[in-house]
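You will see two complexes here that share subunit A, one where it goes with subunit B and one where it goes with subunit C.
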Partner chain A sequence: MTNKLACGKTILTGNKAAAYGFALAELDVFGGYPITPSTEITEEMALLTSREIISTTYRNTDSELASMALGIGVATAGGRYGTATSSQGLALMFELLHWATTAQLPLVIVNANRSLGAPWSIHPDQTDSLLFRDLFMPQIYCASVQEVLDMVLWAYRIAEDPQVHLPVLVCLDGFMLSHTAETVIIPAQESVRKFLPEKRLCKNSMLPEFDNEKIVNLQCPYNWKEHSRRKKALVLAMQSAYNAITEIAGDWHHIFGEDYGNGFLRISGDINASVAVVSMGAIVGTIEEALAEKPVKVIGLRFFRPFPAKELRNAIGNVSKIIVIDRSILPNGHGVIADELRLAGGACGYNNADIHSFVGGFGGQNFSEENFLNMLSAVLSEIGPFQKTYWIGDAQ
Partner chain B sequence: MEKFSICLHGLGGQGLKSMIQDILASLISEAGLEVQAFPFFGGERRGAPVSGYLRCGNKKITTRSFISNPDMVVVFDHERISVTKALEGLKPGGTVLINTAFPNQFLGLTRDWRIYTLNARAISLAHGIGSPEDPYIVINSAMAGAMLKILEPIFKSKLSDKTIEAMLNNIMPQKILENYTALLEGKKTVVKLMADASAMWQWLLKGHPLPYLTQPNEHCTKCNLCYLFCPKRAVEITAGGAYIIDKEKCNYCGICVNLCPRHAIVMVTQ
Partner chain C sequence: MKPKDIAIQPFLDSRHGLCPGCGSAIAMTHIQSIVSQPLPSGKIKKIRSMVIPASCWSIGSGFDGVSFIGTNLVHTPFIAGATVGEGISIMSKRRGANNDEITIVWAGDGASFDIGLGLLSGAAIRNADILYVINDNQTYGNTGAQESGATPKGAKTQTSPNGKTIAQKDIIEIMMAHKVRYYASIALSVATIDDFYAKVRRAADDEGFRCLHLLSVCPPGWKCDAAKTPDLAELAVQTHAFPLVEVTGGRFCLTKPKREKPIEEFLKHQKRFDAIINSPETLREFQEQVDNRWNYLLNLTRPA
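And then the complex of A and B:
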């Protein structure tokens, strides 16, 4: 493996950072089918491979479905595969995405979050990836450009963990991260190799050697007992992914010095505050800056799947009010995170704190610091919503 | 410098996105500041409106909202983009940079803003970037030069031409020399509009008739300032040494009124 990637401090957009993550992961194959806003990832991979800066094989595919099919082939053959897409593209992948998860094939998809039509939009919201929250697939949501690069590497660590073996989805908000240029530190390849060792062959899906006499049935129909065993194995794999994350965060801290806490959450603000704000993705940074002077703690979810219920309970602690800000909406009128928290509330015991749910940020709507300050004062003065959903930007 | 934010308004094809992300963000980072730069657009087409947002400062930047009260506004095309709208929210004392061939029309916009202009399109064309028939040519190198010139005293940091050249070599696939010379020319030719005639323009905008200037009165010390700074050469000095304002040439910009140390010239509204 040759790799002539420059390391150190530089300016990258979220898209380029994702491509550098793929480059540092030393992929065998990258499948490219560009779609706004993730196009730049595919372009950058094409550039890095054609200039022989990295030794990955780059393939133009004829659709997102084909790039997933290519991934299934590469992962089954024991190779390391990555691809990037957005909204409609991710939706087109769905059939084979489900196949890759249930066949337990380790690969990584970077998704630049964008509204899933209709109506047509290139602006960010998280509905596209959250639609797939019921797949056996860990989902990571990045809050900064540096995190995008780091999380691609984490994703391969999780995907290729022998106890896990699942596809992993890394999400970055379209434009808010994908097109935002920021200071990023590109880690050295040697350190990355310490964190992410060469791919070990995956015994539950690997093709046998060509001259092996033993014939293997990989994904053909089984009897119900074997089928059930496979389903149970998927649940265990997700549990193993959950168990692996804290150790991965520890390893990262040890090798690169960057402290991601327990890995699941990004926590800031007043630890003893009586109000907690929970959100996910790029807006966490805006919330942090807007509410920096206020007595609140801000919790950003880095992992949505596996859902960090226990970590959230510890982080939320004894607050009296939880504000949840979602960039997604469900048919029942709730945001996805708020819904998840309400579901988990009883089992996880969020100390019966009131959940105030806010949704918005669709079709290019800007979230300003003022939005969040207004939201907080509405909740604190008790005129805010409780057990219903408030749309940010609606007249108060 | 705690925090500095810039809003930019351009059109698809002019190179706004690559200017803020590839040229400016790298150079600002080189100058030792934290930086964040992102574009916003609806349609991905040539000529469609593009906005850009750039934040920088000593502290790490985590917020990702659009900038509503910038310290600086940059307009890439004053004919197709509403300058008045672009300037909404600009902080008092803020800085404006406009690409235009006719700077004087913006004298009326000055409040306490510092308005800079340059003819970036002419610079690009002179250096072989873009064709004269194309309304949306790349003007980002000249604009970047002008911005660096304006920002250097604000950031208290000066980048050498060598650093700039090395950076362009790093990011540009072609026409590196053309862009480098265009950038230097942008740096050299950006000018600050001097006069503050805002009251006069407010008056005119309300539909009042044209005012007239009094001829220099007895307070005049013949210091020559009005003659030197009149953009229309409307101030004439007679053989006897008297100062006269030619009403045919005068465009009522008010520069002489603001400039005269003895208030010898007065703008009278009818």
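And then the complex of A and C:
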């Protein structure tokens, strides 16, 4: 290699930070296919590989389906693979995403969140990645550009954990994070190697080494008992991913000094407050700023899958009201996070608190600090159980 | 090296689930045996993996993790074979083993002409280092013989009960348009065995994207006698229904069969062509279509 990857303090967009995460993960192969707003990740990977700054094999694929198919091939042969996409691209991958998860192939997909049509939109919401919440695939949501870089590396640690071996999805909100430049510290490659060791072969899903005479038949039909065993193994793999996260956060803290707490959540504000605000992604930072002077605690979900029910319960504590801000909507009229909280916490609300659910952020609707202040005063003045979903921006 | 010098090894074992008379099953054993022998350059290659997108081979080649074909198998969704194969071959190259490892993608005509055409196009134009075999039985065999892009016009299938009304896709020209490194059509029969062996050996020896278009006689799909498989492969070539071509580095070569026969000789053994055989007018049209195609290909062999 003639050139070296930059390291130290610099300014990067979320997309470039994702590319630096991939670069530091020393991938075998990156499959590129452009889609707004993740395109810049792909462009940066093409640049880093063509300038031989990194030794990854780069391929321009012919669709997101092809970039997932390439990943299945690379991971099956024991290689480390990454790709980036958004919205319609992620949806196009679906058949092969499901295949990669159930074949337990470790690889990482970065998704710059964008509305999934119709109607046509390039604006960010989280309906694209959250559509895949029923896959056996950990999902990470970033709240800052630094987190994007860091979480790509976490994603490989989780994906390649011998007890896990699953694809991992890293999400950053389109434009709000993908195209926003922030100060970032690019860690040194040597430190990253301490955190993310060289890839090990997974005996379940991968072709044996060439000199191994054992012949395998991967993903062939099985009898029902073995098929069931594999389904159960997927549940265990998700549980193992859950178990690994706090340890990974600890290792990260130890090696890089950055404290991500237990890894699952980003918590700030007044810990004794009687109101908790729960959200996910780039708007968490805006909520924190808007409500900094208010008696609330703000909880950002860094992991949506595996869902950190226990950590959330502890973080929420004994509040009387929970405000959930979703940028997704379900057929039952709930936002996805609110729905998940109700599911995890029982019909009467999480920890017996009332869940006040707000949804919005579609088609380019931006949230201002004023929006969050209005939500808070609406919720504080409301009396009694409150299971309705409010659309942000509707007359309240 | 002649066909008689290549020992057919017992790659395909008796537990396989292919139909009696399956042309693809016979060809699989031959192709694996040829690839595993010293190639024209003297190289000996190991089959890293046989990649199988959805097809009869998805259920016929093994069960419970056991391979019935003597090599590693990687099953993939219908659409994904070519690119999964490319991913595996990239890893062989990154590990410095690409000279002695070969990744074979064994895909049906549905997977190649239709659902997987986009991904096949990508792998072809990127010159992916794979040997891509189009196992062409001219129908969706695994689902019980429905119309595919490779079904000849006029042939009856389960989804074209009155005979296919649209043209057969021209895979030769699709592949040529991609400037592929190597493309050849092959049929396994007594009359064509030398051609078959020579092409498989050349394809296996080379590197980059190589495509073998294999005509696989399919008794249930073609509604023909299972004992007629080698005869029908031979007749397909002799009647120009399946022209044997070879494209290397853009050079087009068409092999004229030693004995040539009217198309009726190929069609009359298959019930899927009943309506054509029973109508002199339709038969004449079919013959014309075959002749036009042959003349068109013949023209490609002449310098411009």
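Here is the rule we use: the second predicted complex is superposed on the first by the 381 of 396 C-alpha atoms of A that agree within 3 Å, B and C clash if a C-alpha of one lies under 4 Å from a C-alpha of the other, contacts with A are read in each partner's own complex, and residues count from 1 in each chain.
As a working rule, a contact is a pair of C-beta atoms (placed from the backbone, for glycine too) under 8 Å apart; a residue touches a chain by one contact, two chains touch by 3 or more.
Quick caveat, the model's predicted, so the values are computed rather than measured.
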Exercise. After superposition on the shared chain, which partner residues are touched by A:343: those of subunit B (first), subunit C (second), both, or neither?
Worked result: neither
Exercise. Which holds for A:366: it touches subunit B only (first), subunit C only (second), both, or neither?
Worked result: first
Exercise. Subunit B or subunit C: which reaches more residues on subunit A?
Worked result: C
For this session: Please work out whether A:59 is in contact with subunit B alone, subunit C alone, both, or neither, and reply first, second, both or neither.
Result: second
For this session: Please work out whether A:219 is in contact with subunit B alone, subunit C alone, both, or neither, and reply first, second, both or neither.
Result: second
Exercise. Taking the superposition as given, does A:235 touch the first partner, subunit B, the second, subunit C, both, or neither?
Worked result: neither
Exercise. Is A:144 contacted by the first partner subunit B, the second partner subunit C, both or neither?
Worked result: first
Exercise. So, does A:74 touch the first partner subunit B, the second partner subunit C, both, or neither?
Worked result: second
Problem set entry | Residues of subunit A that lie at the interface with subunit B and also at the interface with subunit C | none
For this session: State the interface residues of subunit C toward subunit A in the complex, per the touch definition above.
Result: 46, 48-49, 51, 58-59, 61-67, 70-77, 79-80, 82-95, 97, 101, 118-119, 121-122, 126
For this session: State the interface residues of subunit A toward subunit B in the complex, per the touch definition above.
Result: 9-11, 13, 36, 122, 144, 175-177, 179-183, 282-283, 285-286, 288-290, 364, 366-369
Exercise. Inside the complex, what are the residues of subunit A that reach subunit C?
Worked result: 28-29, 57, 59-63, 65-66, 68-79, 81, 95-96, 99, 207-208, 210, 215-223, 226
Problem set entry | Of subunit B, residues touching subunit A in the complex | 17, 20-22, 25-26, 29, 34-40, 42, 44, 61-66, 68
